[in-house]
Amino acid sequence: MTGIPIQHEPLGRRALRAWFDPRGRGVGLIGFAFNRISGLALFVYLFLHLMVLSTLTMGTGAWESFLQLARSPFFIVLDASLMAAVIYHGLNGVRATLVGLGLLTSKHKAMFWVVIVASALLWAYAVYLMLFVF
Amino acid sequence: MSDNGRPGPKRPVTFKVFRYKPGDTDPPRYDEFKVDVDPRMTVLDALEDIRTSQDATLLYRHSCHHASCGTCAMKANGREILSCVTNVLELGTDTVVVEPLGVLPLVADLTVDMTSFADHFEPAGMTLLRKSEFNPKAERPASVQDYARYENCIECGACISACPITNTDPQFMGPADLAALYRALVKGDDLPEKLYALADCEHGAWRCHTAMECTAACPSDVDPGGLLMALRRRVTGYKIKRLFGLKV
Amino acid sequence: MQKLVDQERAGGTWLWQALSGVGLLILLGLHMIAQHFIAQEGLRSFQDVLAYIRNPIILVLELIFLLVVTYHALVGARAVITDLGLTRQQGDTVNRILTAVGVIMVVWGFYLTWFLATRA
Amino acid sequence: MAEKFHVLVIGGGSTGAALVHDLALRGLRVTLVERGELTSGTAGRHHGLLHSGGRYAVQDQESARECIEENMILRRIAPDSFEENDGLFVAITDEDVAYRGAFVRGCAECGIPTREFSAAQTLRMEPYLNPLVKLAVQVPDATLDCWRLPMRFFATAKHNGADIRPYTEVVDILKRDRTVIGVRVKSHVNGQVYDIGADLVVNATGVWAEKISEMAGVRVPVRPSPGVMVAVRGRWCNMVINRLAPPGDGDIVVPQRALSVIGTTEWYTDDPDRLGLPEDHVQKMFEKCGEMLPVVRTAPLRAAWSAARPLIGDETVAGGRELSRTFKCYDHKERDGVEGIVTISGGKGTTMRGMAELTANVVCQKLGVHAPCRTRETVLLPYGAYYQ
């Protein structure tokens, strides 16, 4: 329990609580929280990706050494999580668009679970491709 | 209360109540009260019991005791409730944590200030009465113009408290106001241009991130989230029509 | 809370965000297909990357992808920041900073593409 | 004392609301204190019926006349605050049918317009009624919002300069010799105890009147008489449904929003703070109101609660429904030899404005103020204006 009135909480903590604390909330907030977290992760990734691609300007050697690094288990895990974020953010984005335009608003909870299941399946397939095909 | 609440045995429940009185009980704390709860008791009944027999200074808002006025919204176990229609035993916990609504400024204990809520309601064009949807086929006596009934929204503030965006952005109009705005648009007794502009503004309908917690929190079956989305659909249509210079 | 809602500015970025999001899904799909069919082995070497970018369809696709993804990411970031409840001035500052970041990203991306395309 | 007002009203119920509005319109410096939220006592909890007076037209014609007069005034000064769907008195049994003559006559005597319908007509208007319904009489009942209607009075009073203090409980009445000079209050917001001075104190605390009068050393004959009400989900009638019979338990269904409020019962208590909710009364509601609208017996329950009427009567009077629903204003100078305090009690939600007018007349006469009552024609502000 906090010692501070909820209304007087510092903004940062208030935001963390309001956006990501699922206690007392339903799947709506969870969907939103995942979307926000995956979105922020992808935002960071976009910068990293551009930086990685920048190594291309430094010629063959730099790129090859990056590819070497990319095959390390750490990068595989990173890539796999990134894949999960992309898949969820994309599918939930479709859900949010439908809900947000008042098209299937009353079905938003069911659609959340569809998004979760579809994301899991797609992700499993993507990981399979990453590990065994490429 | 599914079987209209036939009486059963009483059960002791501990209420952990948020206490705050500026300059007096400051910083806030949680006080514990034990109440023997009978099966019909609501959270509001329990608070009344605590106030009349344990602590006369406990402050909370209440008026109609049947989900019509909307004054008694608060949080029980972290969830927004209307305390007059929330059965204590059906919460299913031996300890019930009772807290004021979020977002709205705290007055004392469980009481919040509804001024900001009312401020936003006015421009949204909220009206108290609406044409009843009930039984339009029934005959009417000549003296009754048209059956009317009150809007479902009882302005309790639960949706404002539950919304992740109002929690951090005080300028966001919020679910109740935008739902009211939609109702005003549908009723059509206000200038649509004015209402569209309000819905379409920076702090209007588009700030919502469709977490839909407002609808989950609404104790009065208003479905503010659904109405907000219907509002967006209308605004989108309006924007498209305007883009092609069509009449709205 | 302020008394009346500041109505001067129109919202509606959400619509564009949704639209660009759907666009990204399509572009990402094409990106994946391209990786799969055109660069059949994946981009295993520097030469592979150059060969990949040499295809004019790929080139255009990647540039559009860059533009849309930058827009979508920055508007998303802006939403997170503005949901903290900014004053008008703060909002303006955030907009300016994010626009600058976007411009730099796009310019750098275009330079990169030009660099690789001319090497090929 | 730091603060001094012409009039201090104790009790933020419907009477207090209409009274501060009336006094503010007459140009007096007035304040109102209420221990909890505004209308958190009896006012907020009633079944939401704007009485046509039909209910009292046979036994209690004084109340009936007050009701129909105030009914028409309120519709005028608080437009858009009522579900103006009228009400029906329905006869189910032959006994009910036999009551019709007295009822229609009584209504005519009190100036309550009526219109009669056959069983078939009645069922076409209210399809959920008991199909055994024999006939019905239409009267100008309406549904009001027990929170928002008094709030319109508070809002208007506030904009006319009245000072309204909820969450402020009177802990003592301040007297000099045999004259009340103010009150000591405790703020439940910050725990502060302070004094407020006033030329005249009005006790408008309804069923709590005795608590205040004890502090002042005066006596008021108010009898708290609680009744049970039940709200079920679903709007099962378009109009207010009353039983065409002498006043009794479970004789009314008031449609309100998407609910149907069924009521009510009656007993007596000495403790208005602990009314309880007698289970047999709740069951009786379903049983009796189910005779008119069978569907309410199976409709899901939304809320069950008690509210206490502030009836006027001495302990010697036995019956409850025999007590009149009219209101009285007591000047304790005459009754108890204590100057500076007036009590208003009795009455009902529908007559709130009339009670205020009567009290304000007494107040003005005592203070030597010559200002006419203007509440009959002053249209009230919207309730939201209270917060502006």
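Letters A, B, C and D mark the chains as written, and numbering starts fresh at 1 in each.
In the analysis below, contacts are C-beta pairs under 8 Å (C-beta built on N, C-alpha and C of every residue); 3 or more make two chains touch, one makes a residue touch a chain.
Keep in mind the model is a prediction, meaning the values are calculated, not measured.
Participant: Look at the interfaces A-B and A-C and say which one is made up of more C-beta pairs in contact.
Facilitator: Per the contact counts, A-B leads.
Participant: Report the inter-centroid distance (CA atoms only) between chain C and chain D in whole Å.
Facilitator: Chain C and chain D have C-alpha centres separated by 64 Å.
Participant: If you average the Cα atoms of chain A and of chain B to get two centres, how far apart are those centres in Å?
Facilitator: The answer is 32 Å.
Participant: Return the distance between the CA-based centres of chain A and chain C, expressed in whole Å.
Facilitator: Spacing between the chain centres: roughly 16 Å.
Participant: So the centre of each chain is just the mean of its C-alpha atoms; given that, what is the distance between chain B and chain D in Å?
Facilitator: Taking the mean C-alpha position of each chain, the two centres sit 26 Å apart.
Participant: Specify, in ascending order, the residues of chain C that touch 2 or more different other chains.
Facilitator: 14, 83-85
Participant: Would you give the residues of chain A that are in contact with at least 2 other chains, written as numbers and ranges?
Facilitator: Expected reply: 11, 15, 19, 36, 96, 100-101.
Participant: If a residue has to touch 2 or more other chains to count, which residues of chain D qualify?
Facilitator: Not one residue in chain D touches at least two other chains.
Participant: Which two-chain combinations touch?
Facilitator: Result for touching pairs of chains: A-B, A-C, B-C, B-D.
Participant: Flag every residue of chain A that touches chain C in the complex, lowest number first.
Facilitator: Contacts found on chain A: 11, 15, 19, 36, 39-40, 42-43, 46, 50, 53-54, 56-57, 59-60, 63-64, 67, 86, 90, 93-94, 96-97, 100-101, 134.
Participant: Which bits of chain A are touching chain B when the two form their complex?
Facilitator: Contacts found on chain A: 1, 3-8, 11, 14-15, 17-19, 23-26, 28-29, 31-32, 35-36, 96, 99-103, 105-106, 108-109.
Participant: Which bits of chain C are touching chain A when the two form their complex?
Facilitator: Listed in rising order, the residues of chain C that touch chain A are 14, 18, 21-22, 24-25, 28, 42, 44-46, 49, 69-70, 73, 76-77, 80, 83-85, 105, 108-109, 112, 115-116.
Participant: Touching residues of chain B toward chain C in the complex: what are they?
Facilitator: 116, 119-120, 123, 164-165, 168-173, 197-198, 200-209, 236, 239
Participant: Along chain C, where are the residues that touch chain B in the complex?
Facilitator: Touch list, chain C to chain B: 1-15, 79, 82-85.
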